[in-house]
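These are the structures, in structure tokens.
In what follows, chain A forms one complex with chain B and a second complex with chain C.
Let's turn to the complex of A and B:
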């Protein structure tokens, strides 16, 4: 397990940011081969060979109950068990991914678990696809070239770039790095001031931003922090590499905190962070997966009469 | 009452680079999230949290000044950060309660 990622260079930050903007369902293979409990290992091997795949989920009424990989087939073959039912050789307790989590969660999952593929399930916990590192690579390449095209098109029509100037920054944050937390918020505040945004709106955006920065350094293994300001809104996205929040509803309730004594001694960890962010934001969204990460998105509109 | 009047109340000024202004009251808390949620622009922050994050919070929430209580030592980088933000810093050996009373009495 290499659950503490290396410091990110500028390029990996961009990749990470791309991965946060995509969902697992945009990237997964939807045409997925699945087998039922009463298939034999031999039958699975035939399916794999015919379709050029190396792993097949075992389902019971569309719910994933196991997974068989090429590795399992080989072992069964060597031990003379190739005609056994799959249930005797499959890996039960399969780690699945939800189809509506950010792609960054899937990337964390691949680095935190040793699996080569994850079955993807929908809200009803039914199998809807499968995701492999190859899906991720292709999606990132596709997304990169799409953005390149956009930039090129943007350059050819860059007369009114001045008034539309967007502020877009990505900041890496590591665990317990309280010294650097706050930099993004300070720069955001400065940018909004320069735009002549009302003080009340700046304050709300700054609070959301600072609380989320502190959250990453206080509670996560580290992550990225993205600030985007255009002529309409501030969008703050906090993505971390885990460990994920076991109970998001609890984390959203005032006074709930998992902070340790040291964090508390710094004046944080009173269980006010996320509720504060939600209170000051016009739009708020949180998603979390254990061992995969947490993504919080907060939007503050610049024209707000409040 | 103005920010500069804090010194005549017996608070020691650590960081004197600021624009003087009328104080809009004060807020006393050691919980930075609480400060961010409730401190109003132009108020003096009274706290024992003498570290850099306090300055970030003070700046983001628009505090006019910060008073560190209980004679807490203030690291040079905190003073530097305050100078950059133009936020005056004061220290006092008194606790938060007595400090709050002194400031409140002077404002009224």
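Let's turn to the complex of A and C:
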């Protein structure tokens, strides 16, 4: 069962793109009910009933140590454990989400785990909110409506000069699809050429774009690749559905590669991909979560450095 | 030097080339079997010598503005590679020479010109 849009549907490409732009903290419920270890199952049931919620994190000094769901309450009723302390029935080792990660990571997490909710923690690992599929759906609807409004407003004022038109493309990429990897970069290069951008800048944007495209097909379960060009910059976003990078610092060091022999036989896997992208980009950002995905953002400014 | 001189020096076989390929001007040569290295090569009007035969070679060559590709070490071109060359209008040749010998011979050609 899954209420979250599935990643590889073509029609949900826009949704994935939206989900990369939002952070978990923009979407979560911040007013979160939490209980301490001393509470009984009965007290939790009262809190759930009073507030219309179906899951409550257990905290110890604001750190999440467990979670109780409606399911646990029902079992406690049936088995006659409703007056037991929560510690005896909570699920320990709770999977939490950082408030700082892209919403797309949360979507992958809902796909990969069977949980109905994730407690959200800040950098100090303290509980700051909770996220459910409902939060995600509402946020996406809100964002889509906002975009729709923008498009409608844009249409009513159309007739502006086309020459500076924004180039915005979203490409789906699947694992080992080397036939299609590189297509986005070729189209990007063509667009930049048509704009009369200096060759050196085009080269840098093309390197960043190509390495990131290859990364998705060579190393991930698949993902989306987005290119945006306006009159100032090229923004490239590579977003995949996992497995995530265990050690981002290692992945950023030259020569480090997890590529298998087949990928190497194709001429890839020299361990220069991400370092190359960082070197040619004016701005570079990478975020990765195990079983959630990796998002790399690279920006190249169109103005010549000279 | 032009592409025709290089092709003759390497005794290379034509796999695909658009019309008038003979006149293509070559200023630099880049030899590598690593896509990442090819990508960051800074050459202009360069010919790429490689023993890689995946269709991605054509994409990479095009991204860095290479003028032509020569497969070295007797590499057979799989159908996908030739198709990619055709699609991207990228001249593609095949030579029995090693990468090292190819570089040496082109170096000698350059000196002689």
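FYI, the second predicted complex is superposed on the first by the 292 of 306 C-alpha atoms of A that agree within 3 Å, B and C clash if a C-alpha of one lies under 4 Å from a C-alpha of the other, contacts with A are read in each partner's own complex, and residues count from 1 in each chain.
Just so it is clear, a contact is a pair of C-beta atoms (placed from the backbone, for glycine too) under 8 Å apart; a residue touches a chain by one contact, two chains touch by 3 or more.
No experiment lies behind these values; they were computed from the predicted model shown.
When both complexes are superposed on chain A, chain B and chain C clash.
Of the two partner chains, chain B and chain C are each touched by A:210. When the shared chain is aligned, no partner comes close enough to touch A:105: not chain B, not chain C.
Of the two partner chains placed by superposition, A:118 touches none, neither chain B nor chain C.
When both complexes are overlaid on chain A, the residue A:185 reaches chain B and chain C alike. In the superposition on chain A, A:270 makes contact with both chain B and chain C.
Touched by chain B in one complex and by chain C in the other are residues 178-179, 181-182, 185-186, 189, 199, 203, 206-207, 210-211, 214, 266-268, 270, 272-273, 276 of chain A.
Of all residues in chain A, only 178-179, 181-182, 185-186, 189, 199, 203, 206-207, 210-211, 214, 266-268, 270, 272-273, 276, 279 touch chain B in the complex they form. Within the complex formed with chain C, the chain A residues making contact are 178-179, 181-182, 185-186, 189, 199, 203, 206-207, 210-211, 214, 266-268, 270, 272-273, 276, 280. Looking at the complex, you find that chain B touches chain A at residues 30-37, 41, 47, 49, 51-54, 56-57, 59-62. Listed in rising order, the residues of chain C touching chain A in the complex are 33-40, 50, 52, 54-57, 59-60, 62-65.
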